[in-house]
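Common to both upcoming complexes is chain A, partnered first by chain B, then by chain C.
Let's turn to the complex of A and B:
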C-alpha cells in the first residue's frame, strides 16, 4: 500500500510540476470567466447559461487533463525510458499501475475541485444558488466518468504501441461512451442481427458514460438525482475500473522492456 | 495455475456484476428520461444535436441556439423582414433541449404579443405542452393569445395579469402589460403599475423602461396624484 501511495504521489507531483497542466488551469479559469460573458448575453436565463457553460468547461478540461497527463507519462516511459528504472525497483508491476491510476485521478480530482470552486463563486456572483445538490452530483458524475476513462486510458496505454494511437482510441471511447445508451434504445427497432449483436458488444465493452452525464439533466424534473441511481452508477464505475485495472496489470506483467 | 483460475473466476464474476449494474442503471435512465432525450433515426438531419449528444452537451447546444436567437432578434436589420426566421430559432433551441421552458414562454410572448404571429406562437406553445405537459403557464399564454385574436381586451389582460404573477415570467410581459394599461386605464393607475415594476423587476431593461415611462408621464403632467403614487 505504501509503495502504491509513493507512485501515486510521484505521478501527482510530476503532473503539477509540468507547465502544460498549469496552462490548463489558467485556461479553465478563463473559460469559466467566459461563462460570465455568455450569461450576460442571455438575460433572464443567465444562471442556466453559467451552470451549463461552467459544467462543460469542467468536463472538457478534466478530460484534457487526463489526456495530457497520460501523454506526459507515456512519453517519459517510452521515449526517456524511465519505465526501465521503475521496473528494476522493489515494486511490483501491479503496484506501479495502481499507483499510476491513483496519481492521475488525484490530479483530475484536484483540477475538478479547483474549477468547481470557481464555478460556485461565479454562480454566487450571478445570484444563483451555488449549493444546489444537483450541481454537486453533476460534478461528481463528471469525476466518476473520468475515473473510468483513466482506467481505460491505462489499459489502452499498455495495448497500443504509440501515444497518438492511445489518445485517438481514448477520444473514440469518450464519444462512443456517450452514445451507447442511445444505440441501445434504437436496438429494438433494428432487424439486422449483425448490427444488433454489434450494439450489444459495444454496450457491454465500452464504458457507459451517458449514465454519468448528469449535467444535461440539472434543469429537468426527471428523477435521476436519487440515492438508488447514484448508488448504481458508483457501483458500476468501481466494478468497471476494477476490471480495467486487472486486465491492464495482466497485460503489463507479460510485457518485456 | 490455481492463481490463474482464481483470477479468471474473479473476472467472470466482475463481468457479471458490471453487466447487471449497467443494465439496471440504463433501465433506470430510460425509464426516467422522456422520449426526446434519445436519438432516433431522424436525428441525423440535425448534426448539431447529434454532436451535442455525442459529447454529452445537449443543454449547452440549446443554450447556443438561444444566444443565436437573441443576436437575431437584437439585430435591427431583421426588423425589416419582421424577424421572419424567428420561429426556426425557437424550434432549434427546443429541439436540442425540449425541456428549456423559458424559450417557450419568451418565444410565444414575442411571436404573439409583439409580432402578432399567433399561428406560430400557438405552434410553439403546443410543442412546449407536448414535451412539458405540467407547464401550465403556457396554457395561460394560450388563453391570452386566443383573446387577443378575438380582441377581447379584458380577458386578454386578465390572462397577462395571471402570467406575471409567476416568478419566471419573461420580463417582456411586464412591459407589454404596462403599455396596455397606459392605453386603457387612467394615467395614475398606469403610473402606479410602472412604479411597482420599477421596484420589483429583475430585468435591467424593464427597470429602465418603467423609469422612462414614469418620467414621460411626469414631464407631460399626466399624473394627478403624484405624491400618493411615489409614496
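Let's turn to the complex of A and C:
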C-alpha cells in the first residue's frame, strides 16, 4: 500500500511541477472566464451558456491533462530510463501500475476540481445559482470517463513502444468512445455483415464514453440523473477499469527493460 | 559462498522491428560466480554485452536460456530485491523534482521505516557528497551530479550486493576518486560489489577480481593481483587478451 501511494505521489508531483500542465490550467481558466465577456443576451441565456461552455471546457481540458500526464510519464520511461531503477526495487509491477493509475487520476481530479470552482465563481458572478446538483453530477461524469480513459492510456503505454503512437491511439479511443453509441443506434440500417460485426466489436471493446456525457442533458427535464443511472455508470467504470488494469499488468509483467 | 551465479546464460534480443529477421545474440553461454564480499569488475568493449548481463542478474531482462541466482534464490522474490542496490548506466531524473524528493520516493519503494527515513536520506547524500544540494531541482544538476544521485538511491537500503553499471561515466576525475573511495568503504563493511566499467585505471585500483566479456562470451576471469604479476597494468592485460582473441579467430 505504501509503495502504491509513493508511486502515485511521485507521479502527481511530477505532473504538477511540469510547466506545460500549468499553462494548460491557465488556458482552462481563461476559457471558462471567457463567458464573462458575453453580455448582450438575456440573463437566463447567459447563465445557460456559461454552464454549457464551462462544462465543455472542463471536459476538454481534463482530457488534455491526461494526454500531457501520459506524455510526461512516457518521456520519463523511454528517455530517462529511471524506470529500470524503480523496477528492481522491492515493488511488484502490479503495484507500480496501480500507483501510476492513481497518480494520474489524482492529477486529473485536482484539475477538474480547480476548474469547477472557477466555473462556480463565474456562474455566481453572472447571477446564477452555482450550487446545482446537475452541474456537479455532470462534472463527476467527466471525471469517471477520464478515469476510464486513464486505464486505457496505461494499457496503450504497455502495448506500444512509441510516444506518438500511444497518444494517437488515445485520441482515437476518445473519439470512438463518444461515437460508438451513435453507430450502434444506426446499425439497423446497415446491410453489410462485416461492417455490422465491426460495429458490434467496437461497441463492446471501446469504452462507451457517451454514458458519462451528462453535460448535454443538464437543461432537459428528461432525467438521466436518477440514482439507478448513477449506479450504472459507476459500476460500468469500475468494471472497465479493472479489466484494463489487469490486462495492463499481465503485459507489463512480461516486459523487459 | 557465491552470492551471484550465472549458469549457461544466453540472451538473444528479438529483432528491433518485427519485419526484420536477424536476431541479435548479445551474450552467449555465460558462466560466472561472484563470492560474498568481493569487488568484481566486468570489462569489455562497447557493445560487448556487459549491460545485458547485469540486467539479466537484476531480472530486468529474461535470459533466453540458462539460469541466474542471487543469494541462491530468484530475483523475482521481493525479499531478495530488498537486499540489493542498482545504479543504471547514465541515470537521468525528472528535471522538476528535487533531489530530496527523488530519494524520498526510492526510500518509500524500499519501505524504509518512516522514522529513520530522513536520516537515511541525509546519510546517503553525505556519502555521495550532495548534502546541501538536496533541495535543488534536477534541472540544476549536471550529468555527474545526477550520476551521484543514482548512486545515492542505490545505497538507501544498505544493500548487501551493489550492481553498478558504468558508475564513473559522466564523472570528472574527482568523481572517479570519490566513487572509488565509496566502493572501497562499502567493501570494508562486507558488501559485494559487481560493476561494469571500461575505465581500467579505476578498476585496477578497486577490484579483487576482473572478468573480460568479449564478443558475447566471458574469455577470462582472474584475481587482479595475478594479472598484475604478469602485466604492468590492467590496460596492458586487457589490450593483450583482446588482441590474442583476434589472432585466434
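By our rule, the second predicted complex is superposed on the first by the 250 of 257 C-alpha atoms of A that agree within 3 Å, B and C clash if a C-alpha of one lies under 4 Å from a C-alpha of the other, contacts with A are read in each partner's own complex, and residues count from 1 in each chain.
Everything that follows uses one rule, which is that a residue touches a chain if its C-beta (ideal position, glycine included) is under 8 Å from a C-beta of that chain, and two chains touch if they have at least 3 such contacts.
Note that the structure is a prediction, hence the values are computed from the model and not measured.
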Query: Who does A:194 touch here: chain B (first), chain C (second), both, or neither?
result: neither
Open item on the list: Looking at A:90 after the superposition, I want to know if it touches chain B, chain C, both of them or none. Which is it: first, second, both, neither?
Closed with: second
* Asked: Touching A:256, do we find chain B (first), chain C (second), both, or neither?
  -> second
Chosen between chain B and chain C, the partner touching more chain A residues is B
Check the residue A:239 against both partner chains and state whether it touches chain B (first), chain C (second), both, or neither. first
Q) Counting only touches as set out at the top, which of chain B and chain C does A:26 meet: first, second, both, neither? A) neither
(Q) Just checking: does A:1 make contact with chain B only, chain C only, both, or neither of them? Give me first, second, both or neither. (A) neither
Where chain B and chain C land on the same part of chain A: residues none
Note: in the complex, chain B contacts chain A through residues 7, 10-11, 14-15, 17-19, 21-22, 24-26, 28-30, 32-34, 38-41, 53-60, 63, 66-67, 70-71, 97, 99-100, 102, 106, 134, 170-171, 202-205
Chain C partner, complex, touching residues on chain A are 2-3, 5-7, 9-10, 13-14, 17-19, 76, 79-82, 84-92, 256-257
Given the complex, residues on chain C that touch chain A span 55, 58-62, 75, 78-79, 81-82, 84, 86-88, 91-94, 96-97, 101, 105-106, 108-111, 137, 150, 153-154
Chain A contacts chain B in the complex at 38, 41-45, 48-49, 52-53, 56, 59, 174-175, 178-179, 181-182, 184-186, 189, 203-204, 208-211, 213, 215-224, 228-229, 232-233, 235-236, 239-240, 242-243, 246-247, 250
